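Chain naming follows the written order as A, B, C, D and E, and within any one chain the residues start at number 1.
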Amino acid sequence: GGAGASSGKTADGLTKVKVAPDWIAADITWIPYTVGISNGFYKAAGLDVSLVPPPDNSSSVKIVASGQADIAETTLTDQVFAAKQSLPVISIANLSQTNNWGFFTKTGAKLASPAALKGMKVGVFDDAWTKAMLGVVLRKAGLKATDIQQVTATDSDIPLLIAGKIDVATNTTNFGPPSYAEKTGAQPETMPATGLGAPDIPIWNYAASTRWLQKNPDLARKWLAATAKATEWAIANPDAAVKAYEAYHKLKPSGYATDLAEWKATVPLLKGSTGLFTATDGQWTQLTQALVAAGQLDKALPPSTYYTNKYIG
Amino acid sequence: MTDTKLTIDGVEVRFGEALALAETGLEVKNGEFITFVGPSGCGKTTLMNVVAGLQRPTSGRVLMDGQDISGRPGHVGYMFQKDLLVPWRTVTGNIVLGAALTGRATNADRADARELARRYGLGDFVDHYPHALSGGMRQRVALMRTLAFHKDVLLLDEPFGALDAQTRLEMQQWLLQVWADSGRTVLFITHDVDEAVFLADRVVVMSPRPGRIQAIHDVGLPRPRTVDTLLTPDFMELKSQVLAGLYHHMEG
Amino acid sequence: MKAVRLATPLFAVLLVAAVWQLAVSVFKVPAYVLPSPSQTWSALGDDWTNIRSLAAQTLYESAIGFLVGAGIGFALAVAMAHVKIAHRVLYPILIATQAVPIVAIAAPLVIILGYGLAPKLVIVGLIVFFPVVVNVLDGLSGIDAGMVNLARSMGAGPVKIFLLIRLPATLSPLFSALKLGAAYAVTGAVIGEWTASITPGLGKDLLLKNSRLDTAGVYADVLLLTAIGIGGFLLMTILERVATPWRTRSTARRWFRR
Amino acid sequence: MKAVRLATPLFAVLLVAAVWQLAVSVFKVPAYVLPSPSQTWSALGDDWTNIRSLAAQTLYESAIGFLVGAGIGFALAVAMAHVKIAHRVLYPILIATQAVPIVAIAAPLVIILGYGLAPKLVIVGLIVFFPVVVNVLDGLSGIDAGMVNLARSMGAGPVKIFLLIRLPATLSPLFSALKLGAAYAVTGAVIGEWTASITPGLGKDLLLKNSRLDTAGVYADVLLLTAIGIGGFLLMTILERVATPWRTRSTARRWFRR
Amino acid sequence: MTDTKLTIDGVEVRFGEALALAETGLEVKNGEFITFVGPSGCGKTTLMNVVAGLQRPTSGRVLMDGQDISGRPGHVGYMFQKDLLVPWRTVTGNIVLGAALTGRATNADRADARELARRYGLGDFVDHYPHALSGGMRQRVALMRTLAFHKDVLLLDEPFGALDAQTRLEMQQWLLQVWADSGRTVLFITHDVDEAVFLADRVVVMSPRPGRIQAIHDVGLPRPRTVDTLLTPDFMELKSQVLAGLYHHMEG
């Protein structure tokens, strides 16, 4: 593994920073980067930011650990397993602050209780977050993993739900309902996981390689600051932000309404009581305890092994 | 025993426009050994295919024991120039192929096949696959297969063409013995005039464009015939007659 | 001789393992990038009871898909060999099926076919059937016309000719295709599991381990999948020897002497 | 005759389109599950300027990977034909490479090889090289020993014998492999793009469209990818005709008469 | 012209234990036409391979014009039983193969090849690939290739074995004409005693186990020889002598 991907300089004196997002293809959580790039926020901070999508939705931390990228957009669960496997990565900021993960059913087909999941076909993703939350919810509901039929979706499970191939989709409020609405013109029934015993903790975060951080603490700070600026701008100008995002990724304008709906549903998740980014010990402790309880993690490490706030602000 | 076994009656074969075999007639006596010589393309194989029922004649018919068998295969034993042994069947399996193809090869068929192989010097090879046999042995198995098909008439199309001179001579003598044992009627194609004269009761010389019978020579040489027969003046005389007929159009 | 024949593949395995181990040690590759053979081996051992039943599932999918693909391929080849117009029309379509990137149509397949065995059979079958068609067609067209004429001259009907003359001639090329197909079938099963699975198999397990950043576990699964593929290949090699004894033996086997 | 030869593949294309359209209409399949041929076609047209440059990128990856795979395959075959021990040791390894589910090792490859062309070349190459090795080995071993002896009797050295006698004998089987490889290469490029792409190509575009539930767009991409694969196949067919004129012609082409 | 061209001097060849060719000696005069007959496995091809330098003798040596050429290929023109035409080279390309293999086939070489083809009746086929030729034509091209290699000694190993009787006779006459035109020394293997006697100045009869020369017959028949020669008593007499030698061990 080469460790030399970082810290090159471009011809006009900018420092290169490579970001590995959390998904193989562009989605609206990439809006801050594209706004940061197209509005020149990164450039103003002396950074030349480029995106290197991971080979699958679990590998962005590996990309960073192996030096193929400098900063990863990932999930808290990935960070926990990365620490378990001794990957040299640490979370430097929360991307979102609330748990908007949950279950979605067709319009008018609301589930009475989590116990109703028994025997149902449930769409799942092959990432650690879904596994973790599903584990927690099922345990609280007194169900075993084998009590439901888990159907893996390669990309989105919403089409499977609409087509009636699954009974329940697992998704997040900023992605599930907008795409359901786009195809059906109606809203799906939502059952948030936080109401079923799941902790209200962030889903997504930014992580970086500890080696890179040691060498480039300023770069990390500058990048977070510029990203914060871009995020604030995108919150204030949702239409323009979505247009910039679509233009940057050459997306068909036919998806504009959905993209905008998704971004608008994302905005409320971004800030906690202390605004953007800041993480707390409690968030990480809740997550690791839930994982241990669900039998997916053997032991919880101190929160400081998972995250740091020292590059924020 | 000397009644007519086979009648080729005004048989003519065209492929589209081309006349492969002009109107041809021949009466073959029961137990007779007839050889056919003639240059490539003179219709020898075509004539055999007609007799075998593989090729329907454009006109004319073939009678066996007075019955019309034109276009109806399965009445004669036909051995092709190539041995055409089936690679995935043993020697026994190949010998009983006719039975297997037309019904079921019974244990009795297989016992007969083994007996035949033993009688003619292939007793140690009954369970061998063809690829493990020499060219002469393969040819012998092909002939046994034709015999085991139990038909009164055998058509042999250049059966020894691929063999070297010595093996060929051995095979010729073996064939004569088999023929003497079984008393069947044989039509035998060859390019080798020595072979044609050595084996035959009658030698049929054919010529091409269009294919037709040009001459028929009676061979009066006494049987059994051996290597010495090849050196007798009578043999030489007959051979030169056949040769002269065969090549007379080349000298123009 | 037989010892040597067995020794060289073993040597090859050791060679690969040695190169792999050396590369990891010399370049100090961290385990989350590429685990060493020994780490992979112990990951396989640690999780063995779990992995074993998953492997059985994947094996099952590959095997059934393989059989379906081979069967359809064989039937198509026979049809195409006998009906000229079928050959002409189907051949370009068959080529096209191979140019379609299967990974790209896997997801839509699920929506149409559901999560049962069906989409996996389609994916594995699509991979396996093509070499079978091509090779069996080759075998059927390579038959000495004289041999068929010989059978006809004996008065044999088309069914007997097919069973006794044409069919056995396809066995050798068929097995060449089956050997390849057996090796490829596992890849098909993995793609199938990724896109359309309720019952967990190795392909699914691989994803799970990947999501937990358990790279050694991922490689352990890949190792096992590869072993299944090679096992299928070897099984076909053995079946080939049994089914076409005339290619390797001088005499028929005793219990097969007829 | 020539008209018929061109007409049947065209007919095949129309047949596929007709069956597809009919299936969609009769079963009332919604467009997000399976778009009709006409919807797919118009999706292709709508996005054409964008798709065109993506297709160029994918074509580039497939082509380079194809060349690398074919080159390595050819070199391996020649080495294995001449060095018996190389044959013995490499053959099981080559079989093993085909049993490895490529989709499963694609992700680790990126982490090792990065985002450049390298991982794509490896993936495409792994798919393409194997049939080339097998077929070229076949060609080399199928050479009439008498022909080599003839050349030796004329006092020719091993290099000349290789160039004039052995090499041309590999061309026919080589092209059989290349035709297949050209069709498969695109699948390799798609897998490569999925796992390791900064420069966008059709494979990546397909993912993007899939995530946006633009099924017609996905099928448009698949259609184009399939067309590229078939195009590669046809190109190899033409090259084969040019490179091995003795297989289809009675006399040498005028500009090639020597 | 009557000096010794080739000396086979005490040549012996063993394959492992097996003695394929027992100590053999032969002097061949410049321009002489020698034919070899003998049953399969008597070492005819082995002897040719030794002369061609393809097979190093276990003991003994081969001299050409007094020079030792044992184990050194490239000194004679060697035509094998099969025509071995290179499928991807045209008739011209095949004729110049020797030049191409040992250096570069020049335009002059190609012009010569075309002239050769024209002279011997293949003028219309110079740009044809071998698959488009008949068996006789292929054999003729193979012989031209051997001629165009410009060596004084030609080794021909059953060159006409695969041809039918009539084509074969044509080829024999053509070969005699070529030989008369070029005055080269020819060693010619055949299984056909007629052919051996018809072509030769001397017929060498070989016998197997171990392979060795058993007898050498001088053929005094006048040249040029035609089809009629085959029917002369002198020819018949010579043939019966050769045959008798060839088969005498079969009658025990």
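Convention: a contact is a pair of C-beta atoms (placed from the backbone, for glycine too) under 8 Å apart; a residue touches a chain by one contact, two chains touch by 3 or more.
All figures in this text were calculated on a predicted structure; none of them were measured in a lab.
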item	value
Labels of chains that are neighbours to chain C and to chain E	B, D
Centroid-based (C-alpha) most distant chain relative to chain B	A
Most heavily contacting chain pair (counted by C-beta pairs in contact)	C-D
Most remote chain, CA-based centroid, reference being chain C	E
Centroid distance [mean C-alpha coordinates] between chain E and chain B, Å	33
Centre distance in Å when chain A and chain B are each reduced to the mean of their C-alpha atoms	85
Inter-centroid spacing, chain C versus chain A (mean Cα positions, whole Å)	39
Approximate Å spacing (C-alpha centroids) for the pair chain D, chain E	48
Interface hub residues of chain D, defined as touching at least two other chains	33, 107, 111-112, 194, 210, 215
Interface hub residues of chain E, defined as touching at least two other chains	none
Multi-chain contact residues (two or more partners), chain A	1, 56, 59, 62, 66, 154-155, 159, 163
Touching pairs - complete list by chain label	A-C, A-D, B-C, B-E, C-D, D-E
Chain D-touching residues of chain E, taken from the complex the two chains share	52-54, 73-76, 78, 80, 82, 84, 86-90, 92-93, 97-98, 100-102, 105, 110, 127-132, 149
Contact set on chain A toward chain C in their complex	1, 56-59, 61-62, 65-66, 78, 81-82, 84-87, 121, 126-128, 131, 149-152, 154-155, 159-160, 163, 165, 296
Chain B partner contacts - residues on chain E that touch it in the complex	37, 39-40, 164-167, 169-170, 191-193, 226-227, 230-231, 236, 240, 243-244, 246-247, 250-251
Chain D to chain A touching residues, read off their complex	30, 32-33, 46-47, 50, 106-107, 110-112, 114-115, 194-198, 200, 204, 207-208, 210-215, 217
Chain A to chain D touching residues, read off their complex	1-2, 5, 23-27, 50-56, 59, 62-63, 66, 68, 154-156, 158-159, 162-163, 179, 182-183, 249-252, 254-255, 258
